[in-house]
Amino acid sequence: MVIFTSVNKRQMSTILRISILALLFIMAFSISAFAQTVDESVFRLDRFTVLIFVLVFSSAVLLYTNWARKGKELFVRKIPGIDAVEEAVGRATEMGKPVLFIPGISDVEDIETIAGLSILGRVAKITARYDTPLSVPVRYPMILAAGQEVVEQAYIEVGKADAYDRDMVKYVAGEQFAFTATVNGWMMRERPAANIYMGAFFAESLLLAESGNAAGAIQIAGTARPEQLPFFIAACDYTLMGEELYAASSYLSREPLLLGGIKGQDFVKVIIIICIIIGVLLVSFNIGDWFVNIFRVM
Amino acid sequence: MKKTVPVVVAFLAGFVMVISFFFNTEQIMNWLSVTFGMDSLHGKTMEGFVLQWVTIVSGFTLVLGVFSIVRVNARAVAKKSEGWFYKLLTVVSVFAMAIPAMLPVSKDTVGGKIVFGIFPDSWRALFGTGPTSIYDWLFTYLDQPMMETMFAMLAFFIASAAYRAFRARNAEATLLLLTAVIVMLWRVPMGEAFLRLFSDSLPNYIDLFIMNGFNVAVQRGIIIGAALGAASMSLRIMLGIERTYMGKG
Amino acid sequence: MEFWRKIMNIDRRWVYLLIALSVTFPMIVVIKFPVEVTPVARQLYDAIDKLPDSSVVMLTFDYYPNAAAETEPMSIAALHHMFKKDMRVVTLSNIPLGGPTIAERITREIAAEYDKVYGVDYVNLGYKANYNAVMHGLANSIESIFPSDYTNTPLKDLPLMDSVKNYDDIGFIYVVADNATVDYWIQIVNAQYGVPIGSGVTAVVAPKMYSFVNSGQMTGLLGGMKGAAEYEKMVGEEGKAIRGMDAQSMAHLAIIFLVILGNIGFFATRKKEGKES
Amino acid sequence: MEGISFLEHFQLWLRAYLILSLFSFLYRDNRFYRLSEHIFAGLSAGYYVGLIWQTVIIQQLVNPMVDNGEWWLVFPGLLGVLMFTRLIPKWSWVSRVSLAFVIGNTAGIYLISSLHGLILPQMLSTMNAVNTDGSFSSILLALVVIIGVISTLVYFYFSKEHKGILGVTARVGIWFIMIAFGAHFGYTVMARVSLLIGRVQFLYYDWGASIRQIF
């Protein structure tokens, strides 16, 4: 069974049993419902392409993860922005100044925030190891809870549980610009040596990054929002763009198991590029309607 | 137990959303509403049902937020550390805004009976979050101007960032600064007139090739790449491979 | 060379000062650069202008106060245009904060200039949550979604609403927005109920909207403060947008000047350093 | 601006004070900024308490349970209460269940929405970009879009070093990215400057009227 590779056996069997039960339930239900209302299909046939795509994508990721688990070497090229994270924390340690980490300003319902929290876990391990002060202001209480959990675990794993203070992660303000005003003021007063912004950012991206620059910090940003990237690129020392944000936590962890995800993504990316080229060629010869329609799912 | 339960819960919470995408879940909900007498589920989708749960769970965490902001600031106030007075103001502001908003506006509820037993009935308009409430006034005349001002400050920062970053250090930086300057010119009447000196259709070409060509293409490339990253991250979370947030680093 | 080195590492506060001056100066000394009207803005103006007098137009205030600098002048210019033509105006908002209060303030101010009466010539419906339900619901019956107006007056007490029951009675929807609601107005109301829609949006949202104009789903578009200035020019009511255009031009010029200055400095000092080494 | 009432004067001056105190941060951090900043932070936290209380706890939890008898909402309520175990260190692991529920839910949504809502439609419109009207500029535009999308995607390819053809394509990709970012930066300047103009207009016209009337 390729799935659930990193989970231990007991967990695996629990998950398996539950998902099989769920599937059985749905199948049984589908059949019974189908018997009652023949005119309406329970499975949404119009979404068949998506199902195939999800399956292809999942198998690619899981296959590479499984290879990694079996000890196959997976090559991932150097990503300069991510390497800079460790340097930045090192610099803060030398200067004896704090590291500021902002996991975006979205709530947990935004996957970018979760990517930011994963990176926070790696960064917290480094600060724990070197006893560098860490400050993580957040805008949503749910991120407060998740952030505290992440940072505490990092400190415990490095064996520095005593050094953990739960006010490292703090809820500062509810509204976007109130949050920014507070963090900007803090930056000017405390002068952090390294500012790391990882997650979903909106108009405040440049407000934060310019103030951080004025405060003299080395700055690394990462977001998947194309509309904010130009501002981070202009004002920060390193910027992780789009996909690099999601790759960062796996890359920093250096766990082969997590790198499997990146390899799987790359595999699907090649398929996407090939499909685009085929589609473009077919359409330009006016014989591509059938092919293009496969991708029409809205 | 400590590790298995969260992994299983995360998987199920995600799996429900996947299932409800591929199936017409309204029928499942209708079946539930008939079988278990859960009348108000009739006609709802499963996504909507689960998302309501998520909203409710998130709503409770607000207590943690208030607890955190009060504790961090109260600590500083108790120690009389530098700037404690400002921190006290923060705590006062939280309650000044929150308490009137939470008071009931109607006398018919249990809470209403107690509150209007103490306060005169005419104060009703000040409570809650309506147009005449304290909450609304504080928002309109204190929060609002500050939000607008922080937003407007971007004009200064966009200028200083442009000044510092837009230097022709190499090919990439040169492309960045050239397009930025051209687009900036194109967006104002004076600049547009200037561009028309070169060619009357230059402004249209900028719109067509830069905004609809380069801009659209790159946005698309980044969106596709980032979506792949997001999907792969989601899969890792659902399968418990990525568990930073629940105690596995 | 020392001069250029200083220029390159100039304190950022001088940059701020330059921007502040370039924005305030044109307010005191009015220069008035000419504002050219773009075809998409003209299209919107013509669509309203061609409507018969006294027809009913729906004007939305789908924006937060944050963006009011760009969108409020659009709403004002639109109201001038409509009241001048004796049209009747129904306003509403899909935004809980800002939109409804701004609508209330502006419509009353401008209606007073044209001696228009609330309830007869214009009505402010206010805000209702869930744009999806609102946009579909209005097709059926306005009263089902908004039983009463913004100030809680029942619709049946407002004479204007006697003749305005649903989209069939509305000649044009003029959406002013700073966010995605424009998409929904087009996808739901234009696509499914066929009401013509034109819009005024912030500069950040505008590029995306061009495709709707091109495909004919949208009748006319105003983008940012410049779009607002164009509309003010066509209506002949000079407002904050036209007055702001000078400041806009000056600020852009100031930033371009800074970029050029920085690059001259960059090359001047680089040459020097190259020779030294 | 005839006859501004006392309350209106007060509101105008309050707004003007807040605007100027925040702008003063541009010169340097100072006690006026600090005062506004701390009030702002507290108010905005309180604002969300009021908002969540009314729209979530009352409207989505209490009312449906009391009025419609939706008893099953006890379960999310319970999951919410579990979050409070964070305040007791020994039991704080229990809150992971609620966290896992919310985070797992996000993951499920994004797995589908990324693949279905983003990738497939974006692929579709890229392929359809070649549907041109045959004019030179429209063919050129189609080329720009297709080369741009593919080279940007290649730039984000992590599995091989960027050398050879891959390296060249990735380099084209970064050029495209820089042009697009420059354009976006330049485009946004207008919106941001407009906002500043809005503030200055308020100070000059509205607050100015109040000043003229008083003095």
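Annotations for the structure displayed:
Chains here go by letter, A, B, C and D, matching the order in which they are written, and residues are numbered from 1 within each.
Quick note on the criterion: a residue touches a chain if its C-beta (ideal position, glycine included) is under 8 Å from a C-beta of that chain, and two chains touch if they have at least 3 such contacts.
Keep in mind it's a predicted model, so treat the numbers as computed, not measured.
Relative to chain A, the most remote chain by averaged C-alpha coordinates is C. When every chain is represented by the mean of its C-alpha atoms, the one lying closest to the mean of all protein C-alpha atoms is D. Here the chain pair with the top count of touching C-beta pairs is B-D.
Rounded to whole angstrom units, the spacing between the C-alpha centres of chain A and chain C is 36.
The centroid of the Cα atoms in chain A and the matching centroid in chain B are 17 Å apart. Centre-to-centre spacing of chain B and chain C amounts to 23 Å, using the average Cα coordinate of each chain. Spacing of chain B relative to chain D, judged by their CA centroids, is 6 angstrom. Among the residues of chain B, those touching two or more other chains are numbered 7, 11-12, 15, 18, 21, 54, 58, 61-66, 69, 139, 143, 146-148, 150-156, 158, 160, 162, 164, 166, 176-177, 180-181, 184, 187-188, 211-212, 215, 218-219, 222-225, 228, 230-231, 233-235, 237, 245-247. Annotation for chain A: residues 47, 50, 54, 57, 108-109, 111, 114, 142, 145-146, 149, 171-175, 177-178, 181, 226-227, 229-231, 233-234, 241-244, 247, 262, 265, 269, 272 touch two or more other chains. Counting partners per residue, chain C has 12, 16, 19, 23, 66, 68-69, 203-204, 207, 224, 226, 248, 251-252, 255 as the residues that reach two or more other chains.
Across the interface of their complex, chain C is touched by residues 26-27, 187-191, 193-201, 204-205 of chain D. Those residues of chain B whose C-beta lies close enough to touch chain A in the complex are 3-4, 7-8, 11-12, 15, 18-19, 21-24, 27-28, 31, 54, 58, 61-66, 68-69, 71-72, 75, 143, 146-147, 150-151, 153-154, 157-158, 160-162, 164-166, 176, 218-219, 222-226, 228-237, 239-242, 244-249. Chain A contributes residues 3-7, 10-11, 14-15, 18-19, 22, 26, 29-30, 33, 37, 40-44, 47, 50-51, 54, 57-58, 61-62, 65, 107-109, 111-112, 114-115, 117-118, 120-122, 125, 140-142, 144-146, 149-150, 153-154, 157, 167, 170-178, 180-181, 203-204, 206-207, 209-211, 213, 224, 226, 229-231, 233-235, 241-247, 249-250, 253, 257-258, 261-262, 264-265, 268-269, 272 to its touches with chain B in the complex.
On the chain D side of its complex with chain B, the touching residues are 11, 14-15, 18-19, 22-23, 25-26, 34-54, 56-57, 60-61, 64, 68-70, 72-73, 75-77, 79-81, 83-84, 86-87, 93, 96-112, 114-116, 118-119, 122-123, 125-126, 137, 140-141, 144-153, 155-156, 173-190, 192-193, 195-196, 198-199. For chain A in complex with chain D, the touching residues are 47, 49-50, 53-54, 57, 75-77, 79, 108-111, 114, 142, 145-146, 148-149, 171-175, 177-179, 181-182, 184-185, 188-189, 226-227, 229-231, 233-234, 241-244, 247, 262-263, 265-266, 269-270, 272-273, 275-277, 279-280, 283-284, 288, 291-292, 295-298.
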